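Both complexes below contain chain A, partnered by chain B and then by chain C.
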Partner chain A sequence: MARMKFLCDADRCIECNACVTACKNEHEVPWGINRRRVVTINDGKPGERSVSMACMHCTDAPCAAVCPVSCFYTTADAVVLHSKDLCIGCGYCFYACPFGAPQYPRVGNFGSRGKMDKCTYCAGGPEDDFSTAEYEKYGRNRLAEGKLPLCAEMCSTKSLLAGDGDIIASIYKERVMKRGYGSGAWGWKTAYKETVSV
Partner chain B sequence: MTTSDQKLDKSVMDRRSFFRAGGGVAVSAAAAVLPAQEAAAAEAPDERTKARYKETDHVKAYYRVNRY
Partner chain C sequence: MLTKRRDAVSGRARLQGIAAGLASGVLDRRSFLRRSGLAAGGVAALGGLTLGSVRKAEAGPVVANFKIDRKKNICTHCSVGCSVIAEVQNGVWVGQEPAWESPINRGSHCAKGASVRELVHGDRRLKYPMKLVNGEWTRVSWDVAINEITAKMGEIRDKSGADSVYLLGSAKFSNEGAYLFRKFAAFWGTNSVDHQARICHSTTVAGVANTWGYGAQTNSYNDIRNSKTIIFMGSNAAEAHPVSLQHVLTGKETNRANMIVLDPRFTRTAAHATEYVRFRSGTDIAVIWGMLHHIFANGWEDKTFIQQRVYGMDQIRAEVAKWTPEEVERVTGIPGAQLKKIAETFAKERPSTFIWCMGGTQHTVGTANVRAYCNLLLATGNVGVYGGGANIFRGHCNVQGATDFGLDITNLPLYYGLVEGAWRHWARVWDVPYDYFVSRFDEVPAKAGRPARTRKENMETPGIPSTRWFDATSFAADDVDQRDVLKAMIIFGHGGNTVPRMPDMVKALEKLELLVVADPHPTTFAAISGRKNGTYLLPICTQFETSGSRTASNRSVQWGEQVVKPIFESKDDYEVVYRFAQKLGFAEAMFKNIKVENNRPVPEDILREINRGGWSTGYTGQSPERLKAHMRNQDKFDLVTLRAKADTPEVGGDYYGLPWPCWGKPEIRHPGTHTLYNTNLHVKDGGGTFRARFGVVYPEKQPDGSTKDVNLLSEGSYTLGSELTDGYPEFTYGVLKKLGWDKDLTQDEVATITRIGGGNPDAVGWAIDLSGGIIRVCLEHGAIPYGNGKARAVAWNLPDPVPVHREPIYTPRADLAEKYPTRPDGRQFRMMNAGLTVQKTAIEKGVAKDFPIILTSGRLVEYEGGGEETRSNKWLAELQQDMFVEINPADAAARGISDGGWVWVTGPENQSKARMKALVTERVGKGVAFMPFHFAGWFQGVDQRGNYPKGTDPIVLGESVNTITTYGYDPVTGMHEGKVTLCQIKAA
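And now, the complex of A and B:
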């Protein structure tokens, strides 16, 4: 069974934010919420790196582990989804998530939060596929249409990869072999030191 | 109030019984509508977790162009 994954090739990301814009437009994401964002470190300095971040659809998702109402579920494609009907907007998942993926709409002037919103891997939610209710709550269900997440599909530098984990890993490996230097993955040098090459 | 007036009032339906009857109608109408909405909205547990990814021509083209 294919396992859906995102992989951002940080050597290719140019911080154009097209993935962020595409996601917001495709799903009509509410004002103030970004399901995807581009993080840049050492901005304007040598060694600047950008990486596009969203929900990484963890295998053992910490958000699901801490949810008091068990609103999360994992599909057979390994996509982590949630039910906005069950969500109480408590914010526990935001603290548990290592990627800052869960987002909350502001529903009042006194800090009250609405239902959690996050990347759905363009796979909709618990409502019927292609229903109006599904679109209004979670956005378009591109996976059921036989497509992949729009952020990855329209990435101009082909930095953001999405799809079957095995296939995108092989694509990434080909790139690294062709470049002939490091993996470009964050933390590589911390973990394997400067002396270790690919 | 005379006896005939009292008889007339009972036959017309007084204010309290009118609202009681109205409330009952509203509750039964809501009960009839709610299950229908839920059935339309929610997927069965097996259905919602089933695999939706398919390696269509669209997806294959995506993999191909990403190898450049």
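And now, the complex of A and C:
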């Protein structure tokens, strides 16, 4: 089976936020819930780079590891989903997640958080595909329609890629070869220093 | 903290109360999503309103297993022209899918495009006509509104004249809507009809058209994929035209192209550049002359190109010689070595393209700036080639089309001007006697020593620019060169916060007898003043709720189909213009040849009328049938050349969207013109030359006082396969006869020409030949109907024929203003432009001491234009919740201002002040501040949310930058100075 992944080509991301509003539009995500967001580093300075972030659908997902009610599961396409029926809104996954993906509908020191919500890779939830219950809780199920996540499909500069890990890796590799300068991936220089060229 | 820029979560709470009023603003996601199903979406949005005939606003979630229709339209925001695919169930827009087949956006969108569905959900839209009754918004019916408005218009016309009613149109119109509105103004009898181009690219249109013929982007977004060097100057395309960056960045990667950004601000575009150059706002000409200094000094110019195709470059060379690297650095702040490097790159690593936007155009020297850019392109031979050209990114979805169709105080549709010949041409097309139009215009009495104007003279006199309507309202009647001052503003689709000097504007608003805002939203105009009566709001639907064509920045014309019927009680522009015309008594004549169904003129028919008259600009080949075929076959067009293969059914050989000029009648199947002035192609393949519109010779003054006739036709340069292998003038029937080509005309064509020519058929030119015969025959011989001329480096008919640097009116450099003062005061467009007096007074008063920070402005990706529409869109509003001013850390530290803290910004005129948040950032240099221009709803510290009709207030409100911006107008177009003024900032 495919291993579905997101990859944000930071050399192309212009922080236009199409991914953010596409997600909101597709799933009717309410105000205050951000399944996807764009993070900008070195804002306003040379070296400014933006990266679009959402749930990364980790292979060994920390959210799933800490969840006290085991509401997470990984699909055959390697998408990490969760059951809102099981979720108790405890917020552990929020602390565990390195990307800040889990979102909660309510905020406040003592109020309840409500059921956790996060990026579903446009793959719905445990309910039957295309069922009203699935749509109500998780939004549209594009993967089951044979489509990819809308955030990537609508990306203004084709920076955000989604799809089978091997395929998007080969697209990205081809881009890097064409560019002939380093990699657009943010953190490349930290990881490989200036001396390593592509 | 400014919410989106640094942290996406923290801003969540503040606007929740406002957002909660939205149908989907409920915070419990489960209860929110539970309300699925077709009818659920809009009921909550309407709150306690009784629905009556109001159509419910529905853009609810998808219902499983229910038929989905796909409708294709074009995004209504910027000028890139992204296709939008709407999924519609049972008349409700439920989802948006990527339009992979569009060669322009290939499925992509920016934040605005990806959320256009919300516009038709319309939580915050104006739902029915309203009027102010003693300061209270009251619902009225369409009939009552139109009866009262037209009655009042008639009253003003009788008392003060037709020119006292100002008709402000919109770049959000379709082509057909724009054309109708211009036609409406002609029937009403005024030339004061304008739209957003005045404040965005009017100086581009004037500058570029005066250089080489047409005022438009020469190449296309897609063509930038061919460029080796790309300069952005005063353009932040990453925020203003995000999808264009798809082409730019791919080109940059595949060609390893140089991407150079020159801007006073380190923009998001600059973040992706190979070189960023910071310069002082308002010194563009000095920068360009500085580059040309190096180019001429080192012989990097394209000598053959200049010799064959450019007039007057020697005079530019003389001016440029004065701009030594030292002087350039003193004026602009750019280090000499850096400028030399980019000059060399631009001249040598070709093809090079030059991209500009409002950073270049919104200046008192806007037109001169534009001509300087053109000169850089001409000197380096970068016009008329793939990968080169002036890629002028226009701002709105149809600002190009609205400009083309004459929502302009100096033109009838398609740049025919206002001369008698132009009026006669359109009178023929419209099938209405010329004398009727003369009779509709005012007679203007002699005033303050200025001569009177007859009706005919007034009809040929440009109107008042939209940047100064409020002066024309507030000034004494003697100071305005028309019968009376303005008494009424009829505003279709235009924000109220888009022009500087808002405190002056508010005073004028309160003076108007009639204010009509026809728009999907109430706009700032409705909320900002203390008006109590005589104010009407008419709900107009968006382009998604009607059909018609729109012209993208690259001149491609795209047809949008209706996605859903107009929501609530809103109507489309066509119907409203028709109803106005009906009440004013000229509907029958105006719609003589246009089919009207249920009070709605049919847009296809309007386009056919355009096709019958639009010869000058090649708007004749784009029939509705051809445009619809293009939309059906989008996937057949090449991504880079935009051309379909010759054997493709329906669209074979065409360029996508038949970019104008698309010569001749639709039947001759001209493919459109992807790249203007490209001599490497046959005219039938979209080739062209510079337009010979400035005559054949120019009597040039020599240093010894004599004059010498200089050839203005090109020399030895011609389009591929042309039978004429040298320059030639514009074609007339007479010219055809001389060449013996008149034999190729059909009898019918000759008959039409003879009819038009009256006693002198030889003088009938290609642009007024309604048979299209002259154009057809020219193409057969490989010649271009508008002639083969030289581009003009020197535009002798404009102020400063050779562009010269002039300091902004409010300059921080009093020392330079002495050497480079602004233009002398003078009367333009019926009023005084007292720029020099204002500049001198400011310097004498030492304004720069009290207001030491340069203030500039620009766009954010989430919002557009005046921002009412986008700030009402919950998905966009959430991303930018606060108006802010960007301030350099050094300036902030000196003033005790912290990031995210409240500040007061004050300006040098009207004791203006505005309260907003500070964004402390190195994005702006020391001594510079930047504000986005999309905000309104707060005025001088006062929240005006309560002034909007209930339920129509945008989610996000904020202070407008134009509360602070100041006096200054381009002498050629009346463009305001939106990019340089002075301000002071204090912690609040």
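Descriptive notes on the structure:
What we mean here is this: the second predicted complex is superposed on the first by the 193 of 198 C-alpha atoms of A that agree within 3 Å, B and C clash if a C-alpha of one lies under 4 Å from a C-alpha of the other, contacts with A are read in each partner's own complex, and residues count from 1 in each chain.
By our rule, a contact is a pair of C-beta atoms (placed from the backbone, for glycine too) under 8 Å apart; a residue touches a chain by one contact, two chains touch by 3 or more.
All figures in this text were calculated on a predicted structure; none of them were measured in a lab.
When the two complexes are overlaid on their common chain A, residue A:S131 makes contact with chain B and with chain C alike.
Of the two partner chains placed around the shared chain by superposition, neither chain B nor chain C is touched by A:C119.
Legend: residue contacts after superposition of the two complexes on their common chain; A:C87 is shown touching neither chain B nor chain C.
Contacts of A:C8 after superposition: neither chain B nor chain C is touched.
Of the two partners chain B and chain C, more residues of chain A are touched by C. Shared-chain residue A:S156: touches chain C; no touch with chain B. Shared contact residues on chain A (touching chain B in one structure, chain C in the other): 131, 153, 158.
Within the complex, the chain B residues that touch chain A are 40-43, 48-56, 58-59, 62-63, 65-68. The part of chain A that touches chain B in the complex is made up of residues 1-2, 4, 73-77, 81, 123, 126-129, 131, 133, 141, 143-144, 146-148, 152-153, 158, 161, 163-164, 167-168, 171, 174. Of all the residues in chain A, the ones that touch chain C in their complex are 11-12, 14-22, 24-26, 28-34, 37, 40, 43-46, 48-49, 84, 105-107, 114-115, 117, 130-132, 135-137, 139-140, 150, 153-158, 175, 178-180. Across the complex, chain C meets chain A through its residues 4-6, 8-9, 12-13, 15-16, 19, 22, 24-30, 32-34, 36, 61-65, 95-96, 98, 106-115, 117-118, 238-239, 242-243, 245-246, 249-250, 253-254, 256, 266, 268-269, 271-272, 276, 861-862, 874-876, 878-879, 886, 921-923.
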